[in-house]
Amino acid sequence: MDIFLQQLINGLTLGSIYGLIAIGYTMVFGIIGMVNFAHGDVFMVGTFTALIAFLLLTTLLGITSIFLVLAIVLVVAMAFTGLVSWAIERVAYRPLRGSFRLAPMISAIGMSILLSNFVQVAQGPRNKALPPILPDVIVVWDSGSYAVTLAYKQILIMVVTAVLLFAFWWLVQKTALGRAQRACEQDRKMAALLGVDVDRTISLTFVIGAALAAVAGVLYLTYYGVVNFADGFVPGVKAFTAAVLGGIGSLPGAVLGGLLIGLIETFWSAYFSIEYKDVAAFSILAITLVFMPQGLLGRPEVEKV
Amino acid sequence: MRPWEQDPILAVDRLSMRFGGLVAVSDVSFRVGRGQVTAVIGPNGAGKTTVFNCITGFYKPSAGRLALSHGAAPSPSELDALTRTGRAAARTRKGGVFLLERLPDHKVASAARVGRTFQNIRLFSGMTVLENLLVAQHMGLTETGLLSPAALLNLPSWRRREAAAVERAKTWLERIHLIHRADDPAGDLPYGDQRRLEIARAMCAQPVLLCLDEPAAGLNPRESAALNELLLSIRDADATSVLLIEHDMSVVMGISDHVVVLEYGRKIADGTPEEVRTDPRVIAAYLGVEEDAVEAIEAEVGV
Amino acid sequence: MHEATAAASSGLLARALKDAAASAAITALLLVPLVGMHATEGPSGALVLKYRFGLVAIFALLVGGLRLGLHLTVWRGDSARGAAPRFPALARLAGPAGDAAKPVFFAVLLLYPLLAVLGSGGLGPSRYWIDLGIYILTYVMLGWGLNIVVGLAGLLDLGYVAFYAVGAYTFALLAGSVPISDFFAGTLGADFWRLWSFWVCLPLSGLLAALWGVILGFPVLRLRGDYLAIVTLAFGEIIRLVLINWVDLTNGGAGIASIPPISFFGIPFSSGEGGFANLFGLEFNPMHRNIFLYFVILALAALTAVATIRLRRMPVGRAWEALREDEIACRSLGINTTLTKLTAFSIGAMFGGFAGAFFAVRIRFVSPESFTFMESAVILAIVVLGGMGSQIGVAVSAILLIGGMEMLRNLTFLKDPWLFGPDFDPSLYRMLIFGFAMVAVMAWRPRGLVSSRLATIFLKERKKVSGDLVREGHG
């Protein structure tokens, strides 16, 4: 019971991070129907930006309030990662609209390799570790032999995720941008005829997805305190799994899928085998795609003949 | 008994198709006569293409029976016996019976031998005209399926079969007057030629029933007349029954032996072109216009 | 008149300058955080920042200058912009005009070891060139194998390396198996398994890889294109992770060493009595084995090529290409699409398995490190750059990419203190350039080097089908 509770807390924390990344996959898929393979690496770039910004603020400017530092880091990482994603869409995907179906996918794979190796060359191949951020914990429940703890940073992660998800939901449901997005999802040509700036809407979708991935990056850095140039790939695949599990194209689905994947991963590691935790995630991906490609909250696709 | 009821090649019984809450086809029954041209007409959204997709196996109907027979139609008791067994096909004294709703789409084409074309032409545009016609014959080209050792090693037995396939393709290219374009990519052909090529491709698979989804769409009157001729020659010379969806009344009235009219997913009329043309319900429903406009349309369709 | 031209050209210049300045500014913005600042361990072990803003400025100026140059030359007059330059020579290679070049091409391939020995002045010094030839041919073969799946059948397979791994581990495990060795020692002689294991395992590796192709492919091949890509990626990773974690069988991340070397059909390449050199009256030289390996991979690659050419003319090959063009039309013609995809997937896997067994006998060591996703991506990049479906294009792009990457190692002049300094390691940029190449090829020439397709049968003349008509990858 005590271990179960602890794993539940850890799983929800991890799941929040996956959910934030998954939204980027699901939004881009919804609007242009492509799997943005480079999104995991965009997340990694966000994490690295957060690391650099963190160092800049603490060592150069000497800001000591950790919350102030994190707030600034969050804004900087979101802005910069958004810019990176905007540039990627502009250079690697936009010229391929209307090309054959697999072209954007292949370009995205190239972009993913390019990004991770760019960071490797620019920042070196070794792990970058920060001193622990917000190390304090609250003991939630103590059975005597085992104390279930809730770390401050876990609270921070869940709160930030919840707040941003709400803000984001508002953005998509209530603003003109959200309407334009949904219009483009339905029918891009028609939306363009009705005066929606399709290119701009798609660009903004990439920017928003990347900004949320950057948030995930900041939270990831806070949680683990370490980042490596290769760290985009596996979280990227897991977040994609989350998006598929939740039903790709569905925003609540992405969050639900993220939480599920986070929980499955932590429980699997705790109760079965930590070596095979990635195998579990990849297997869930394969099983979901094969047996219920529409996911939990997605709509089934009717084949047009 | 009507001619199409004496020996139907396809008996559609109580066919229904739902997509979620939307009922696209509801309780439709009709017969397609062997050796006849049958037309399905109706206003847009009447469920014609859905009926087609059910017949050709692309959709699994929500309910209903689609019995296709080779040789001669089975008796109702034979048919009911097969339906009860749960199997998809059976041999009868005169040939074979296939319950199309139980077959996967490629089996509808290869085993039950139902060919089809598409409303938006689906040619293999990057392959040549000749290659398009050969792909259609591949199921019958080797005994052992697609991966035949004889073909891999280019043995004489395979070369003979391939030569026969090329011969059949050439015959069809001559019939549709495209022999001079045999080596050109299919995507380079003009629209009307692509329509004819798609029909020839379906015919190269030697179907017993050919389903055409708006074959005359986008054709000019001259091409349309040539199409009529082609379809009649398919009916008469190739002994292939034809089922078509069409909006072009000159095609429907000119070549059909039997017309089925759908509206809002239901059958509202069924008979010879003459009967359907004069059926006031059809005129009102299908043309969807007031009484005075009917006369104008009647003049157009040549009443 | 003159004034108008002058005004137009000054307008052009102004636009070009504006664009160049904007791209330089965006480049600078993009590079400042990750290139301009370097998080590195300070003296205390904690991370500190080092600044390299000069480097950012150089890159920004380079990008700006490049765009300015392009605006004033290539992109001059917007009409020309975006029109891809052609490679008439390469296109001819693929066409009937290439028939004359083919004997030359084959002669070069066959005589390559001789040329290498003569060119480098002896068997010993030729080692580098022979090994490079083997290395490139391995990728040519892998490219051709994947070409069946991606190029012909239009199925994007991101886990191709899994089959390469299955082939390599099949051979490594069987060759090192003591029970099998003992069994043959009792019947066919003590050395039999050590000498013959490769030749026995080579077909087995291919068949097992094909079997895995069937097992993995069957459930997933009805998925749409990009989902299929992700699932194959997942399978590739699962196989690699199992190889790492199933230590009892595979020795985990440490890998399997002591794989027996290749023999000349049972005759070992050893120096003593009964060795290859001794039997053929040559002076012993370890290079004999490398040259033999060259011819083995040449034969394997040729087998792949010939099989592909035959398959394309068979019903199954035409069905693959038809499937790539339009899956729904295929179904309406009675083609069982799942089965057809499965044949493409497993035949591609089989050639990957052959290549894997060859890899294991050449390196004589296998470990999961060799079978990462990056390896799949490299093979895919070769196929994509070559022009999906074109064999000659794939071969040329393997030579360009793999040979080019190898050349990168030799660019020692870059280590000159005036350029990048002695710490500079050009091979670090290998994958960076790969990634860039994939993006650039898609943007600039999405159909690859050879973009046209040759018809498989013809009545009067074999015509090339322009790449614009060929659809790649189904929905």
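Worth a mention:
All chains are identified by letter, namely A, B and C, in their written order; residue positions are counted from 1 within each chain.
Here is the rule we use: a contact is a pair of C-beta atoms (placed from the backbone, for glycine too) under 8 Å apart; a residue touches a chain by one contact, two chains touch by 3 or more.
Note that the structure is a prediction, hence the values are computed from the model and not measured.
A comparison of C-alpha centroids places C closest to the centre of the full protein. Each chain's centre was taken as the mean of its CA atoms, and the one lying most distant from chain A is B.
Per-chain Cα centroids separate chain B from chain C by 46 Å. Centroids built from CA atoms put chain B at 49 Å from chain A. If you average the Cα atoms of chain A and of chain C, the two centres end up 31 Å apart.
Of all residues in chain B, those that touch two or more other chains are 58, 118. Of all residues in chain C, those touching 2 or more other chains are 328, 471, listed in ascending order.
Among the residues of chain A, those touching two or more other chains are numbered 303, 305.
Only residues 34-35, 45, 48-49, 51-53, 55-56, 59-60, 80, 83-84, 87, 91-92, 95-96, 99-107, 109-115, 117-124, 128-131, 233, 237, 240, 244, 275-276, 278-279, 282-283, 285-286, 289-290, 293, 303, 305 of chain A touch chain C when the two sit together in their complex.
By the touch rule above, chain C contacts chain B in their complex via residues 310-311, 313-316, 318-319, 321-322, 325-326, 328-337, 339-340, 343, 453, 455-463, 465-466, 469-471. The part of chain B that touches chain C in the complex is made up of residues 56-58, 105-107, 109-111, 115-118, 122-128, 130-131, 134-136, 138-139, 141-142, 145-148, 151-152, 154, 166, 170, 179, 182-185, 187-188, 201-202, 205. Listing the residues of chain C that touch chain A in their complex gives 26, 29-30, 33-35, 37-40, 46-49, 154, 156, 158, 219-220, 223, 225-227, 229-231, 233-235, 237-238, 241-242, 244-245, 328, 373-374, 377, 380-381, 384, 428-429, 431-432, 434-439, 441-443, 446, 471-475.
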